[in-house]
Amino acid sequence: MEKKKFALAGIGRIGKIHLENLLIMDEVEVVAVMDPYSEGREFAIQKGIENVFSSYEQMIKDSSIDAVVISSPTDTHADYVEIAAHAGKAVFCEKPLDLNLRRVLDVLKLVSSKGIKLMLGFNRRFDKEFLKVKRLVGEGAIGKHHLVKITSRDPQAPPISYVVKSGGLFLDMSIHDFDMARFIVDKEIVEVYAKGAALINPEFSRVGDIDSAVITLTYEDGTMAIIDNSREAAYGYDQRVEVFGSKGMVKAENNLHNTHQLFNSKGSHRSLPLYFFLERYADAYKIEIRDFVHALINKTDLPVDGNDGLQSLIIGLAAIKSIKENRPVKVSEIYQN
Amino acid sequence: MEKKKFALAGIGRIGKIHLENLLIMDEVEVVAVMDPYSEGREFAIQKGIENVFSSYEQMIKDSSIDAVVISSPTDTHADYVEIAAHAGKAVFCEKPLDLNLRRVLDVLKLVSSKGIKLMLGFNRRFDKEFLKVKRLVGEGAIGKHHLVKITSRDPQAPPISYVVKSGGLFLDMSIHDFDMARFIVDKEIVEVYAKGAALINPEFSRVGDIDSAVITLTYEDGTMAIIDNSREAAYGYDQRVEVFGSKGMVKAENNLHNTHQLFNSKGSHRSLPLYFFLERYADAYKIEIRDFVHALINKTDLPVDGNDGLQSLIIGLAAIKSIKENRPVKVSEIYQN
Amino acid sequence: MEKKKFALAGIGRIGKIHLENLLIMDEVEVVAVMDPYSEGREFAIQKGIENVFSSYEQMIKDSSIDAVVISSPTDTHADYVEIAAHAGKAVFCEKPLDLNLRRVLDVLKLVSSKGIKLMLGFNRRFDKEFLKVKRLVGEGAIGKHHLVKITSRDPQAPPISYVVKSGGLFLDMSIHDFDMARFIVDKEIVEVYAKGAALINPEFSRVGDIDSAVITLTYEDGTMAIIDNSREAAYGYDQRVEVFGSKGMVKAENNLHNTHQLFNSKGSHRSLPLYFFLERYADAYKIEIRDFVHALINKTDLPVDGNDGLQSLIIGLAAIKSIKENRPVKVSEIYQN
Amino acid sequence: MEKKKFALAGIGRIGKIHLENLLIMDEVEVVAVMDPYSEGREFAIQKGIENVFSSYEQMIKDSSIDAVVISSPTDTHADYVEIAAHAGKAVFCEKPLDLNLRRVLDVLKLVSSKGIKLMLGFNRRFDKEFLKVKRLVGEGAIGKHHLVKITSRDPQAPPISYVVKSGGLFLDMSIHDFDMARFIVDKEIVEVYAKGAALINPEFSRVGDIDSAVITLTYEDGTMAIIDNSREAAYGYDQRVEVFGSKGMVKAENNLHNTHQLFNSKGSHRSLPLYFFLERYADAYKIEIRDFVHALINKTDLPVDGNDGLQSLIIGLAAIKSIKENRPVKVSEIYQN
């Protein structure tokens, strides 16, 4: 078997995970890694990577590279994808492609014209809990879908310094839930109504953002989804999905540290959920990159593509407009698909 | 101990429950019952009630009556309360007082001027599950409240013949949830956004109603509630509440038929929820009427009063306006409290 | 409908419950009550009972009495049943009939020769949780039965003054579990091995008793049951049953105060079980006495009879012998059924 | 860092897992592998192992080897450990060392005299569920320990051809539970009473074995443990532990495939447990071998040693004697520790 030759750009928290997950795959050879900081480069060297760069452009020149994994900061994504597209490399890029709709459309146009494969890193699609729900919905276990409910709360609010560059709650955090809303029932969204506030920390409000939100989505067939988001849940990372339909309902619950139940004179006690996305989605990250590799090898469709990134961005922009104008916003007001 | 003398108007499903619950109270003597149908009157006679009427006006003339329980059809509530008010009787009335805001305001004005006690039958306030949640929220167990989530789904859609006279989903069904949203965190609602559709049965749409809805409520302090309603859940009566706050979250789950878990080669299986409101809220009905009686005896405040009925109606009317105009509606657009 | 005329002997904790449960039945008239203490008699008077006695013999003379409920202290049971048998009354008697096997056999012989109906108060047979398990087992939901597991722990150890008169852990507490072991799979026990210790309080040991035990029962067909008992569980009344078989397993869990789940930075928290037998089996007591009444009216078999009391006693005596001699004891060593 | 040089003997199901888990450790170099069958050797070659043997004696001659992992058939364990001991290698050996007590004592004597490190593969000690229970017990969360309950059921009975060579239920299967009983509360067992039968398949009985058992263990301080075993649970691998004490109770439940709950008109449905030990204990195997490596590197005590293997064997032999003679057997009857 000829191995697929991979390069990685950006060896931060997620980049490290992708690197480790690629290194255990027999089908993959990691031939190069790029990070502007020495900490990231040293991590790669310790993992046995020989070609380590501080410049993306330098790295991508290596013609033997089949595919590049982009887990650098968001504002580099579009540039790096474009460079890879011009070089004819397959790309796995962390979401979002960019926070600017125009820019995303341009990148996708280039990707399309160059005929390269582009997968977006919506890791939750590879979580076994949500996959089980999607499968049951797809098999008709709950009949015709009526309502999707998504709860998505982070264990700790990020620092305001991060918030101001994040694109805001809807593009930084809810965007995963917008993708989940589309994915779990395989339907497109046509309208968004968002309501939110800075309830955790008034600083969010000062920088023009919110930390808590409730979003009503309407699907093309008139069915609905509701998402509730919070930047900080005292009890940890809360990632639940419920789908209700004509014949029943299916839910996915949080993954706890362990199953123990302690009973004492106060009541019974159970564990907290796994701390945050790195813990909760550890397996999902493995499967995500494996599925990308396998799709390249088998020349099959990618499980998440550029359009998925685009649609989530559009919904996010509609949510921003909705909260500004306090009214439901049609997705078509943002972009005519 | 002198017993409080009670009369009941309307011996249908709920009326029978109230009658039985009053009969087991040592502090109460049921002196009269009224029902236009012989079936209801015969039920009362079998229960040992001696004075049985087919006319409300006739019954209310009995000057020994201290209090009247009104569980007759909705369109008689306002009239019956007014007659009782003129006669100086305390009143326990099933919700809603009336579907017309003007009429409700007039009744409440009369009630106030006559100085009689009026309690509305929001039975869910007396359910031990929701009371536990409210108590924990009140004690600060979850810190500052951010979000209330209410799921309320009936086990079976009513016939269309009932639907057309019901006042519609928001005034017939969601009104309980509007009351719960106010009750559970003890805050007033200022804005309503409702989205809905006829997903179960297109006949709902034909008669100008919906069978499925998602409602976003905004409290006076900017915190939020989301309610999801369905006229028909295949798995039965779904009555859940979740309150999320700065220090945690508390949930009340459905009451199941029993605790059994059956494990076989297909997985594990548990019971359905208790069938419908008569089963789920059997104890709540007992406590509700007991608390009414005790408030009369002890001359304390009623646990639910006319204003609670008014506020829920206003929210319901705002929801109706919201869905018609597809926009968030301020409660103050309906009525200036 | 002619009402069955009932008398009650012993108005302690359980007697009060039986009295109240009989008073709400339309098919029953409580014509007399007996209690040697004025507190019990006054309770009955307040409940409207006119004929109140301090002597059982006096009470039983009333020839109009159809049935007597015996909830007086254990050492009176045998005498009272015999007197009732001679008077031709049907009897509902709290367990145990007597702690002495010879005495029980004599009473049962008399009951049989007089042809009266005798039901023993094994209240747990009427608990909806265990009934659901029994029903599923009976329907073959778990295939052929292999193992029964019963956990039975009290919330608080009784005072030593009670313990010394109780007959010991096996006859006072485990006897309910011996009955459950027979009832839940409808099989007879042939061998008992008991192991126990005074782990909660060494005083138990001083008075020749134990407070903690593990009992292995072998059924006639070689299948097994295990019971674990404790006089004191810090988290409350623990009443669980599990039945394992060739096609699966079914469990009944504890009944909690409510369904709430509180999530905070420490984990998630749930309620304690209902406090003790009066709370947990409140409904079971109602159904038990109702089924007794209905069996009398319909002249059908009693759901628990004298033999059930006898069998549990025999198993209990075998357990006592087993722990004394530290060896498995055949039930037939105690009594040849 | 100098890497520890490892050799492996036996590349069956468990051997493969150990090999893969060693290969991902930076602290380890796997220098040799031995398997009498070509299938096992080829697996090792594919994993990049260069020195592959069909003779254990040949392999062990390599003086660079620091430690050997023995996952060959049970009847080779004692020989292989002895050879390794003579060669001065540290040993990780799958349980049991041998089914013959004399043989085990001899091996342990040699191990001791040669001063090599020997760890036994009681994988369940490294399962996060049981570790959490042990930690809570150790911290006093349930007060003084009174009772341990272990349920251990396999998803499918092995073929009779396996059974006859397995040493029987107690030495093949229950031995894990005997170790758990000691481990979870850190106490020694002094007495065993076992009861069992062939309920799943009469063939077990024909070959002198049982497929279902209930075992009562008594600890040195008079507290107790109960174990229930079955060779086949229709719903899968059932691995639960419960510890009850003076201040509460703690339980570990099964690990399910996922958290989903499906609600339909029949009730609610959840997943099966993870299929069998390879799935349930996948992480435990990783941690077990990692802890062995770290103990070697850090020269600390091994988490499981030869004496742990000895004690479990003694309890198993006592269980065999108990069931044969149908009486409780003192551990000291088997061996004076």
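Per-chain residue numbering starts at 1, and chain names A, B, C and D are given in the order in which the chains are listed.
The working rule: a residue touches a chain if its C-beta (ideal position, glycine included) is under 8 Å from a C-beta of that chain, and two chains touch if they have at least 3 such contacts.
Just so you know, these numbers come straight off a predicted model, no measurement behind them.
The fewest steps needed to get from subunit A to subunit C, moving only between touching chains, is 1.
One inter-chain figure worth recording: subunit C and subunit D are separated by 42 Å, centre to centre, where each centre is the mean of the chain's CA atoms. Separation between the centroids of subunit B and subunit C, computed from CA atoms only, is 40 Å.
Within subunit A, residues 142, 233-235, 247-249, 263-265, 271 each touch two or more of the remaining chains.
Taken as a graph of touching chains, this assembly is fully connected, with contact between every pair of chains. Looking at the complex, you find that subunit D touches subunit A at residues 24, 128-129, 132-133, 136, 141-142, 247-255, 257-265, 271. Interface residues of subunit D facing subunit B in the complex, by the touch rule stated above, are 233-235, 263-272. Note for the complex: subunit D touches subunit C at residues 142-144, 146-147, 149, 153, 193, 195, 197, 199-200, 212, 214, 216, 218, 222-224, 226, 228, 230, 232-235, 238, 244, 246-249, 326-328.
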